[in-house]
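First the structure, then my questions, so here it is.
Note that the chains take the letters A, B, C and D in the order they are written out, and that residue 1 is the start of every chain.
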Amino acid sequence: MATIKDKYAIVGIGHTDYSLNSGRSELHLALEAITAAIEDAGLGFKDIDGIVGDHPSRVDAMTIGSALGLRDFGFFIETDFAGGGVPGGLLHAIAGIEAGRATSVVCYKSLNGSSKLTLPGFSFAAEPHELGFTRPFGLLAPAAYAALAARRHMHQYGTTSRQFGAIAVACRKHANRNPNAIMYGESMTIEDHQDSKMIADPLRLYDCYVEADGAAACVVTSAERAKDLRQWPVCIMAAGQACVPCLSRWTKDPTVNENETSYLARQLFSMAGLVPADVDVLQVYDDFTPLVLMAIEDMGFCSKGEGGPFVEGGRVVWPDGKLPLNTSGGNLSEGCIDGFNHVIEAVKQLRGTSTAQVKDAEVAMVCGATGVPTSGLILRR
Amino acid sequence: MPYLPMPPPLPYVESEGFWEGCKRRELVIQRCKDCGTYRHPPIPMCPACQSWNWEGTKVSGRGRVEGFTIVTRAVFPGMPAPYNVVRVELEEQDGLLILGNVIGCHPDEISIDMPVKVTFEDVTPEITMYYFEKAA
Amino acid sequence: MWCDWCAHERAHPKEVKIMPYLAGLPVPESHVDYEEFWQGCRRHELVIQRCKDCGWYRHYPRPLCPKCYSWNAEWSKVSGKGKVWSWTIITHPIHPALDDMVPYNLVEIELIEQEGLRLISNLIDCKPEEIYIGMPAEVVFEEVNPEITLPRFKRTS
Amino acid sequence: MDTIRDKTAIVGIGWTKFGSMKRPLPESQYTLACQAIKAAIDDAGLTLKDIDGIMRFSSDSNDPVRLADSLGLNLRFFGKSMYGGGGGCACVAQAAAAIHAGLANYVVAFRALSQSQEVAFGHFAGRFAERRGIPGPMGWTIPFGLMSPAQGAAITASRHFHLYGTTSQHLGNIAVAERKHANQNPNAFFYDRPMTLEDYMNSPMIAAPLRLFDCCQESDGACAVIVTSVERAKDLKQRPVYIMAAAQSGIWYPNSVNLLDKIPDIVEDETWHLARALYRMAKIAPKDVDVAEIYDHFTIHVLCALESLGFCKKGEGGPFTEGGRLEWPDGELPLNTSGGHLSEAYIHGFNLIVDGVRQLRATAPAQVKDAEIVLCASGNAVPTSGIILRR
């Protein structure tokens, strides 16, 4: 059977500075990251013949292609679900190259998430009418969805706020080594986490991601072609997407065993021929700490309900933890680029250029948001 | 008075210079500082040479109608009809197109290649609209 | 029964607001797929879409039954009784209408008719520190305007 | 280079009833999507459990969650094509790519629309009337009254007329041919309403030089297709329709404000590049095409596409429409044989793909004798896509 295992590589990465107010539009940021990624790969702009955008995006492929001076680009597609979709963009790029429709594809994500400088335009897509079942009751912010799932996890498994906090503190510690992280200069202890203000009980401020302005991009091409390029290619062992019926749309039910993230992990490990123990460094979409904990369970790094104890005791903290997590600081402390920052960091780890470099890291795993249709990657050096 | 009863544009990062120019009654088009190519609508990077260096350059405001339509059926109540929409090619560069309306001109008079020049109209305290009028 | 962990972990905001709850938030828009639900609320009945073939309830409403792939569905009146499946107290307002409303509670109620049959609502008669997972509750109807009546919940013993 | 030529096939097609603003369908877009997808699965002889991929339009609110929740699907591939009407064939193309790469076994590509309940495409700009201002690049068009796709297309038309001497009669030939085809198709909105060139010329002017019958309809309905590998296709219910080629194309288009106001002066436009990629992959030439399913948002864009797809030279699209060349049953290139968007329904290009498959199964309402190769081209004036199908 056809497989994409080990046939494709990430050969270039680029990103902007991450900030609270960039003063630049999403288009500007996107072009900065994209051109940086292409240059990093040692390619010319005109070598790019595919563009994979991400939802929701206010920067479209035609505008990018025009700015790059591409006379003709034969592959462009968008992925679904902001935080769940980013790794899936690379999967689509691979499908496009495998079909002979492109050779080198750039994937990108650009956000004025903090400054809101770029206003939303008009969409022909109708707003989901199911919102009528949530909004009138005050279920508005993503934090509230996460809070309901978190509370249920605490009830079911005895998980504590301090355990959620362990994830936040680990990410902050990693961000303190990363000059591009928004929280670079600001340390955090578990007590700081416990003292931070309540947003949506049991979520405290430091359980929530940092909205950011910034963009990130990478170039995907075949492993064959990658050999001749400038950078040490990071091989894509596995890429996958997953969406399963959740039957009740409201919040993630942390007690359900078969969900999008467990389905994703099964696909990824089976394609790569690996098991969780083979993963040297883990990048998990971290908009809210409880969801990271649930994703770690769903991916099989620990059993259902044991996420709390698993993340305690420094297991996910660089440099000594067995499974360093979000080593750039993640959305929680580096800044939320909708998970594209996680892809960039995984590549840096395997190139040996991370600011919190895991010694001899050979296998990195990237996992998109849980609770929505998601996607992920397993990469190797 | 605006030509049409529609809300004005909201300037965004790349277009601010353009609309500030309109307030000064100048048509300011983005131009690459390296290769000199004009571009409109404004974007951060030169599509011809991929340079980030650009400046807002005042142009003559003269051009000719490249294509047009006379809208005879408005798409929502409150819009007048008929009205015209023209695409103008500015004289500075082949293919340098800008969308607008020709004001003070009967629909039957408008034709392709008709010479036009820019004119301005303050519509709100923040926004001055540009339009075109028939030129000699 | 109180959940020890909930009690242990909970923050204790100062006060609680009773009806009218969360006035000023956007109300549901009329839509063909959901009209029966809101009409039921206007009659002060909680009606949930249910598969006519296998009897499985589904909320939000959708065209096919994902269990047995049947297109046959009916709107079935349910008891309105359930228990709190999860809850949160929102302390950070993100909608202008909420500025004076926080803190407010948000609950996910599991109805007694079927495991996993849940809906989002609010408890109108509870202080934050009184809410716990498993707390029995039943529906009450709040007329927001002549078109829209919302299902909220109150505790039962 | 390795391509997907003849490696995947369309094995199921499904469609719903079609409605219009005047005769709206009561079903929601969600229900219509499920109906069309289920119909396509039944047509293929598959079950819902077999489906593991979904490709949709970025403007379709039936996201994978909704579809999985109602159809009970476990999905391992999903994505969105952009640019509205330019993206229809891209959904099929990416479905084929996923199959070819082993990322899924059976992928559904679909489009569902309820313009009567959601957004009517010709009237979307009315939403801006009450705003404080027009955000983003739309600020270059809407304040000047360029607010509907028809108006953008009209600018293209006036320019084409000026450059090449094209006339309203030329555009009318396209509308009349499609209407003739719709008169064969009981599911077409205009099934029982014949139209002459004179009727066309008498239809009201919308945005000069475009008339009412130059414009597509605003419709309700859904269409879906199932794509799988040729190996799996062998064991299924229907005769497989092979995907010979699938491609997309976008070009450097610096001055476009992207409301279909295409610049007809450009010879190597998006459809020209698309055609080159399609013919190269399929290893055929334009003369090999038996039926053309060309996205007809407006007649002028069909005319531009006929030129760019190589059926005639640039600027000769007008005369090419003459003499019944586009009309079933005797024309040499029957166009949009279900009636297309102009006369069947506007399902964003997907009803054209469905009709193309029916032609190759020999089950089309206006069946072209011995049709072997069909070219489907998605909308131009935006980044576009296309597929070539064979029996």
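Assume a residue touches a chain if its C-beta (ideal position, glycine included) is under 8 Å from a C-beta of that chain, and two chains touch if they have at least 3 such contacts.
Predicted model only: the values in this text are computed from it and were never measured.
Ranked by distance of CA centroids from subunit C, the top chain is B. The centroid of the Cα atoms in subunit C and the matching centroid in subunit D are 42 Å apart. Look at where the CA atoms of subunit A average out and do the same for subunit C: the two points lie 32 Å apart.
With centres set at the average Cα position, the gap from subunit A to subunit D is 34 Å.
Shown for subunit B are the residues in touch with two or more other chains, namely 10, 12, 47. Those residues of subunit D in touch with two or more other chains are numbered 66, 68-69, 72, 128, 135-137, 252, 254.
Each of residues 31, 33, 66 in subunit C touches at least two other chains. All chain pairs that touch, listed by label, are A-B, A-C, A-D, B-D, C-D. Those residues of subunit A that touch subunit B in the shared complex are 23-25, 27-28, 31, 35, 45, 63, 66-69, 117-119. Against subunit A, the residues of subunit D that register as touching in their complex are 1-4, 29, 58-61, 63-66, 68-69, 72-84, 90, 93-94, 96-98, 100-103, 118-119, 121, 124, 127-128, 135-138, 246-254, 256, 258, 268, 273, 277, 281, 382-383.
Across the complex, subunit C is touched by residues 26-28, 30-31, 34-35, 38, 48, 66, 68-72, 117 of subunit D.
Within the complex, the subunit B residues that touch subunit D are 2-12, 15, 39-41, 47, 66-73, 75-76, 78-79, 83, 85, 87, 95-97, 99-101, 107, 112-113, 127, 129. Across the complex, subunit C meets subunit A through its residues 3, 5-6, 8-11, 13, 22, 25-29, 31, 33-34, 38, 58-60, 66, 85-92, 94-95, 98, 101, 104, 106, 108, 116-122, 128, 133, 144, 148, 150, 152.
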